[in-house]
Structures are given as C-alpha cells and as structure tokens.
C-alpha cells in the first residue's frame, strides 16, 4: 500500500512538490529489453508542458526529463530497459514562491489547502505543494514507458466539452486534435472555444471540461473480475487526476436513461473469426474485462479554482478572509488534462497486460 | 495485489459463484472490541435480498449469513471483534442451474460471458458464475462490519434517477427512502416509477438508474493525496459494482459546464470554531481529502442485460445465434445497488479512517 | 496489505481460530484450467493432521476440506480451476474448549497470550485462538493448489535435526521420509529419535527441530531483485510458521564461517547447453533469483511451549502464577511443520512463477 | 506489489545501479511534523560509506544525500516532514566502469550475473548494476527517516562473528562498537579480527560474518499475527540484504536443540506494573507480536564473492572460463552490513508502529 503509487505489476511512485527542487517518479515492474529514449519521453511531457498557448499557465518550465536508472544506454544514445526500476526526474526551474506568500495561511476555496492542514497539521503552501497539478508531469513520464509495454495499442484523447459547449459527434476527426490548442477533435467547435475561452481568460475566470480517452487495439481479456475490473482501475486512474469530479465508461451516465434493448451491443461473427460488435455502448469492457473493442473513458474536470474574483474563505487562524488567487494559472485546466488522461490510460493497460500474462500465460 | 480483495487496512476478500455451494468474504484488519451481531449484519443483507417486491428477481434466497471467525461470542449471543479475520458465509439455496443450460455456450450481449471465456478459456456459466451480482451479498456483509469501524458516520442512499426519470431535488425527503420499493427519496417520483417500471417488467425489458450515496459525519482529514484520494477510492469502489458505467463526486459532470466562480464552495467560520461551507459542489472532498462536509457520490447503473427480447450474438463455437435470457432477473438492477453502494461507501471510509490513524495518529 | 494474506499474484488469505466453527482460506490468482480434486488436497492435509502417531497431539480432527468456489466440477468428480478465488473450509469437530478454561487469564510462557492481549485488549483463549498452529491446515490446503501451478517442480522435506540430534548427511535417503513418523530422511537417526522423543513425551516435556525443504525443477529466473528476492520470500514464508525462530538458505549460517574460495559454486557447461554447478552452497538462489539448482531452505522450530512442568508467569490481572499446560500437544511440533514447510515453499514458488511470467512473458 | 519497495504504511522504493548517474529512494507514508536534517541522514550514510578503513572497498564515494521532496525547510536549515513522499538521491561519482569490461559477458560465481541474464535477457554488468550492494545506501537513508518515526526506540548492531571467530558474550560492551573498524562489541575479539582480516585481505580472499541487531524500547503490541509477524518481516528485511544467507530471532537455531523447559522465558511482575521476563530466548517476539523485551535479530552474510583466486565459470556465450574479479571490494562485506541491518530494523519497526496504530488506535 502506498499513497503515492499507482498500479501493481506496472507500478509507479511519484514524488515532488510544485516549488521544490524537483519532481519525478520511479516506474517499477517494466519488462526488460524495451527500446526507449529520453526524447520520446520528452515528447509526451512537451504536450503537457505549461506556457504553450495563452490558454495555459504562463509558468515557464522546460520540464526536461532525466532518466536516472533502469536502462542500459545504447551506442545511438537510446536506452534498453533492464527490468529494474526506472527513475525519472524533472527539475523545477521557474518557481516563484513569493507569489504565494499572501496565501500561506489562507485556504483558497476549491483547493486542498484546508484539507491538507486538517489532515497533516503542516502544509507546503508554495504553489500548492504536493497538491499542485505539477505532479502530473511525473504521470506523463510514466505513461511514456507504459506505452512501450502495450505495443500495438494506440491511445487518442481530446476535449469533448468545454464549459457548456459540447462537440458535435458528427464532425469528429481525431486527426485534427493537435491542430488546435485544446486537443479538440471537432475543428469547428475548436474555433468557437477559442473566442469563448479568451473571454473567460480575460475575465480572470475559469471553466470546466470533459476529456475523452480512447484506446484501440486492446485485445479481449485484459482486466479482471470483481475488484480489479479494467473499468474500475480506469475510474480510479482518472479520478486521481487533479480536479476530476466524474468518470464514465462507454455510454456512462447515458446508460441509466435507456432500456436493456437499447443498451445491448449485439455481436456478429467477423470474417477473421473474431466477434464484431455492432455498437460500443459498453466502452470496450464487459464484466471488468476488455472485449477487444475500443476502450472509451470520459472524465469531467472542474474549473480551475484559482480565479481573480475574490471568494469568501477563512485562514488557518480561523479568521474570515476574502481570497483572490494571483499566481499563474490555466483558465481551463482540462486542456492540459488530455495528455495526462492518455498517460493514465497507458499505465492502467500496461498493468493489466502484465497481470493478465501473469495469471493466464 | 489481489483480484478479489478491496481496501488496504480495512480489507475484504470475496469468493463464490452464483450457483456454487456458497459465497462469502473474509474481512481483515477490523479493529478489536467492536460489538456486532449476526442479526445486525443480516439486516443489511435483507435490504439487498432478492425477491422482496415484484421489481426484483424472484430468486428466493434466504441470504442467511454465518460468522465463522474473528469474533468472541458474548453471553447475550452478540459478538466482540478480536482483530482477527472475520469470515462470513452465505449458503446458496435456490440455484436453478438448469435455467442456464441453454446459454452455456451462448454469449449474452452485455454480459461478461464472452470476455470471461476470452480471458480464462473456461467459465462457470451457471447463473453467470462469479460475474453474477450475487457476489455483492458479500460486500454488504463486509459493509456491515465497516459501519462499526466508522461509528459516528451515517450513510444514506437512494435512487435519484430511473431510466429518463429524475427525482425533483425540491421534494427530497431521505426519511422516506424505505417507504417505497425503490429507495427513492422523492415520494412523488416513487409513485410514478411504480407504474413506469411495471411496464418495463411486463415487457420483459429493463432500465438503468442513478444511485446517490451520502455519508454524513465524516471528519476533515480522511483520504490521502495523489493515488489514494478518497474520491478516487470511492470511484473505484462504485465502479467495481456490477453494471456500473459512471461515477461522480459532488456536482460531478456538472462541474465541467460551469465557471470557477460558480463552482467555488465559499467558507465562513462557524460558531463552533469549525469552518462552514456555504455550498457543497465538491461533494465533501478537496484534494482527495475529506473536508468535513457530506461526502456525496453518484453512480450510473446500466439496464439489466438479461431481457426477453432476442438479441443477436455468437456462441463459443463462433456460430451466430439469437439470445433471449429466461432466468429470473431484475427489471432495474439499480434498485438493489442501493444497499451495495452504501456498503462500499462504508468500506472505503473505514479503510481511510484506519489509514489516516496509521499515518497521523 | 493484509495481516492474514500471503503472496501477491498467487495469494491466499486464511481465517479461523482453533476452537471456532471452522477455519479455511481463500486462494486468489490461481491460473484457470488446472485439474485438481478434493481427494488430492486432502492427501496433503492428512500428512499434517494431528493424532497420527503418539508423537503428535491426540486431538482428533478429520480435517476434511471442502472446496466452496473457484472450480467447475467435472463429470468424474474432479475439478477444473476457473481463475476465480478458491475458497476452502475445514470444520472444527474436536474442540475441547473447557481444557483451556484454567488458562483463560493466564499468560502461558512462550505463547502469544500476553502479546495478543497487549495488542488487541481481547483474546480468544480457547485453544490459542488464532495463534494456534491449527491455522496451518489452511496453508497446506493452499499449498496443494500451488503445487498444480508449478507443475514440474517437486518438493521434498524432512526433519534434519531433533533436539541436539542431527541427521548424518551420508545416510540421507529422501525415499524413506514417509517410512517413519518424523519425516526423517536418515533411517538410522529416525530409529534413535523414536526412543529419544518417547522419553521427552513421557516427561511431559518438548523439544525443537530443524526442517529442510528442497524444491527440484525450479527453472532459472524465478524471484526478483532487491525486495522480492526468492530467498527473502522463502524466509518470510517459513518465519511466518508458528514457533519458527530461524531460517537459512543453502549453506546458511555456515557461510559466515568460510572464505570466498570455499563458498564459490563453480560452474561448468553441461552437455544440454545448461550450466552445471559443481556445488550448491547458494541453495539455488543468486541475487534473489533462482539459478536452476535445487532450492534449499532450512528452518528451526522451537520446542512446544505447552509443557507439563510448571513455569512462572503472570495473569491478565497482573498476578504472579505458575502455569502448566494440560491440553493435547505435540512433544515436537517440528514434525508437523514438515508438510507446512512444503506448502509454503509451493506457495512462494507459485507466486514467483506468475510474477516472473507477468514481467518477462 | 513492487519488486523494489519495502514496507506497507512506512514504505520505501529504491532505484539505481552501481555505475549509473545516481541512486536513491522514495519514502512514502512518513508521518508529518517530524524534524530531520540532511546532516542527520548523512551521518548514517557515512557509517556505511566505503573506503573508511583498509577493510572496506577503496571505491571513493561521498555518498552525499540530497532530500528532494516531502519536507518543508525551516529557517535553521533543518526540515519538517509534511507527510508527502520523501525523495532522496545520492549521485554516483567514482564509478570506474572499465574495471568491469572484462566481465561483461562472464558470470562471476556467487554473483547474480547468471541469474539476471537468465531472468531478463539483459543485464547492466557495470559494477554489478542493480545487484550491487550500492543499493543499500538508499536503505540507510530510508532508515534514517524511520528512526524519527519510532522515537524512543534505540537500535544497536555489531558483528558477532567473523569467519569462524565468534565474540565472547561475557566481554560484550556495546559502547565500544564504534571504537573498531568492525562494529564489534567485544573489544578483545576486535583486535584479533584485525590481524585475521588483514591476512584475508592480503590473500585477495574474503570471509563471511554474523551481524546482530538489537532494538530496545519497542513497546508490547507491534507486529501482527500470521502473515505480518514482526519476526517474519524482520526475516524478510534482513534476507533482502545482499549476501545474507540466514536470519534468526532470539535464540534462533539454538531453540531447535533444547527443551521446552529450557526455552521458556518465565515472567514475573515488575514494580512498575509491567511484566518482567526472566530471559529473552524469544528475542522479544511472541506469536509475531513484540513483548516489550529487546527485539534481537541475527543474520549471516556470506563471504564477498569477488575474490582474486580464479574460479571456474561460464560466459553468456556458453564458453567455459576462469573468473577472477579485479574491481575494488570488501574482504568482509559483513562489516558494512551493520548500518544496513540497523536501517532495516528501523524500517520494519516504523512500518509496524503505523500499522498497529491504524488498526488499534
């Protein structure tokens, strides 16, 4: 058991605070002889990195990852994994802790300030300390390793809702997700969001979002019954991301509103001897085990709690105060949650691939 | 790691198939010297028990629980826990496995038949075997023990949506949840559902539902950051229940649609020196740690997959077939999910209470 | 984490007290499609069963095992495992709890009476409750399943020392271990022990022993570095058995007394392309990973603490008392530790086989 | 589950190879508000550090520890723990990997070279890679944190046997362990060892040792029954240290040779209302739970496998070769195992203190 580890056979442990010296993770259980490079890991981190458009926090972090162990350097500068723990570190370079001195004692509404103090009696208030979304850089690094484990599986993700504005499923083209600053698979909606979010940003406000993550190429049989369901572990993974308030698999909450006839994914026999499902209401998981269809997860991210409008709160002395957060923040933190959701999907799948192989050969 | 265990310090392991000799669980880590009785555990099982109204399966199971270990019998017939593993067993008495002989080789759409075969190459088809919701009786028994651990916390739950019909929040009266066969806290909606579900049942159809579970009296400080968030473990717990497709905390998916100003739970100082939150959008969890507010979780249950209308499918020989399920089933399996959701809430909270005490004294 | 579970991928949880209704275990993670029968499991339990000679406790327990879940019955009465948790139960039939009423409040020296009370503030004193060696029946049942997992590995075990009397390694014939009541592989020493232990028994005394367990056919590569070493897990497994005070691998403590030259297991190339080790000082484990040689473990069991000679102690009220234990006990509890040691060896190997397969395919 | 983590509530994960960039550990679950400093952690590392006398390897490593997370710096340069994961790193500075180029393909007898290759199909041969005792620096750092958790417990350790030479228990004076290069508590024997080991060293040979670790001030009640016994976890902890071949608790293997009367630790009532044990054969653990007496563990370390005398072996191509190890090594690696044994004792106790508090308050 560990409060800062995720997974079982493919397992990672993260550490580090927003304004400490560094942050990182240790990935344990990775199979040996997988080829990987720092550049490849970096490419995923760059996708999550702050300061890439006016729609994400202006904190300037190189987020340069260093692989410290668990690999054998090859002559071309790439690595082979050795099966040993892979330690990765990212040094913090652009902390501006003094931005936070105002709120050292103040509990920002919607933040973990009050609860950390209530639990631990001490709190690293600089940039949110451990509760900062900065921790998610370590997840993305772990996810880069996980992707190597589940070779053959492809993962795509994007924003499917920003504030009240949902994408039009008819217009979805996943090829376009990197063509806009929102990872939005609906190019027309992406345009509309641009104006919308600019308004939110200028008002010092923030807004929530829904992210969809889809894994293709997952064979039937990953996951496990009862308390190690694939969808259960995906729910756990996504809910562990900062600011996430809801998770759904396949048709999710919509399933509550329809009948058994409408919800049934009928099956026919494919020419290749594999079953062909006529729909994917289940989101690729039946009884906790993958069916061979796309694994589809969505999660809701709340609006960034750090806003410029003052909100009523208290401080650690019990005084009533008004809190306004001046630091550098994302108007829609959901945007940067996209590569994080992908990483968590990869990690859950890698873990279940190894677990499946362990029990079933 | 275990595929059939849940929790860490308060941990239970379940076993048993729908049509085997018995099912049960072993609860490990329970604190000593808690007073409990078989009658009390039974009372929770009775709430989940099938055959209590025409709206739940007509399988007749006494679901009589026997406590086999971990307790010291007292003179009045009650027990004191000893800190040792508590083994509880429920014998199956009304299996009618022959009802299932038709489908021994057929993959029922929406069921785990295909995926279990794909994973294990063998499957106990009798009544769904291990994938049957019958396993949840063991959870309810474990939950009864968990409630003793979190003395002072009260848990209530009910159906807040059946098919497309949502309750009216203005009319909610939690005192009335046991006055109708749906655990519905809106007495007027409960009446409407009665007619609605009767139609569904007579048509051999089924319908989904949304369940809300609320825990009051949870002190600030339970849960843990990053990968042991209280809301993460609740999401995992609820998603592990059969047929669940989505989970949300507090305002959940609604949070995606609103702004930071709207989403902030402002705080004032209470007369008792404790913070008073002016709203509970967060669902009682901030940064993965309880805030002292009500912990609020909702989960979506899909419609029962066993329906009388034939659906297209295949069998284990790869033949295309039509499947119609004749066994005894619930038209809205969400109803019986209510006591299960309560039990899982209790188990998550008990685990986190002990974990918090371990680290923080 | 669990106080009453052992293993990770092949994992079992035991429950039950000496004088409760029953005891048992739940084996989780077993691969599917393994053939097993209750008779086979019973055969291992019979080897551990009390009352088989005058040298083991006269408590008469049938120790009849019932498999409650996780298997699909075949037409010939045998089972196939399904990959689901295997619950096994043994009912207690010959408890004589009143034998223990004298010592309900007295702390027997060498027993766990005082420490259980100190830890839990409550204690099931009947027959030692959970701390009784009766729990080991559940391990033996789990071990029977584990042996199926590690098909191709053979495990033998025997007493190599009783009191001060060690076997002569020159005379060892493992074929003879079942020809004497001590599982002694040295037939001449077995004869000597017979007279020796009879004297101990008649004196109401007891004596310690050393058990050796050897697994042949373990391929190179099981185990894992650092904190999941094969020898580490074997040490943990054996030390978890009641009354065990020491564990050693290969030449064990002897290694401390010799030089690097003497200790080196030199290697030559075998005709079959596999390495041939010229000695086995290492006990088949190098760097925590199996080398392909026999895995050799020894553990020391202390003399049964229950003896007829009064010993000074205190009771739970803090009064000084003299304690003499009248129940039915083994003059050398090490004898019955032999099948338990075999079972734990099987469980550790099964777990590591699955773990190896998980990470390395 | 994790191959490179140890403990449950107080849990650490280590990473790093002998000749990589760095090594380190992440300590998770540490209680908040404990005062610690880098200097204090360093003091334990210095005790383990190589190159301190002619009797340990001449590799020159500063072993300077850096605390990267989980603490809040105080004005005086010390830290307070925050309850967050504590990441500690030690950079490697004196790797001479070319010393090892000869043996890149050769399997050194007694080393893990062959088994790592057999398991992973790849191996970091530089300085033994992950199987090097260099990993133990990370344990010592974790142990420094653990000592803070078990405030009030004191841990002492020393060499009680080197090669065939055992200390004389009559002459033991624990105050003198730091007065000789062997951590030997018998000053006269320490002198004899000096000449003895110098001979071994000059001959390019090596020798084994036995280390004793004693924890005083452990209250009654730590540990847990059955599979989380305090002595079981100590056995696991010590056996996980490189080169350890045997572990014993209290009188250990001696218990096998004596009778129940001789082995009983009789109990009288102390003036302070606490039990007074008249002997400590049990080593402070009864039924897996601490009794309040000193917790006493001994472990046997084999002679360093790297010796100058050529030994027969094979290489990874299956060729027969003679192997002589030229790198810098310890003639008695058991010496440096002393601070490592202390660290592991501290970590086991810290974990069980938190686990006890979790379940029993």
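Miscellaneous remarks
Going in written order, the chains are labelled A, B, C and D, and every chain counts its residues from 1.
Assume a residue touches a chain if its C-beta (ideal position, glycine included) is under 8 Å from a C-beta of that chain, and two chains touch if they have at least 3 such contacts.
Worth saying up front: this structure is predicted, and the values here are computed from it rather than measured.
A repeat of the B-D interface exists among B-C, A-C or C-D; more than half of the contact pairs are identical by residue number at A-C.
When every chain is reduced to the mean of its CA atoms, the largest separation from chain D belongs to B.
Between the Cα centres of chain A and chain D there is a gap of 38 Å. Here the CA centre of chain A is 27 Å from the CA centre of chain B. Measuring from the averaged C-alpha position of chain A to that of chain C gives a distance of 45 Å.
The residues of chain D that reach two or more other chains are 1-5, 8-9, 14, 29, 32, 83-84, 119-121, 130, 225, 355, 359-360, listed in rising order.
For chain A in complex with chain C, the touching residues are 1, 9, 29-32, 83-84, 225, 354-355, 357-361. Those residues of chain B lying in contact with chain C across their complex are 1-5, 8-9, 11, 13-17, 20-24, 26, 28-29, 32-33, 66, 68-70, 72, 80-87, 89, 119-124, 129-130. Across the complex, chain C meets chain D through its residues 1-6, 8-9, 14, 107, 109-112, 114-116, 118-121, 130-131, 135, 161, 163-164, 200, 205-210, 220-229, 231-236, 238-240, 242, 245-253, 255-269, 273, 275, 278, 281-283, 285-292, 300-307, 309, 311-314, 318-320, 334, 355-356, 359-360.
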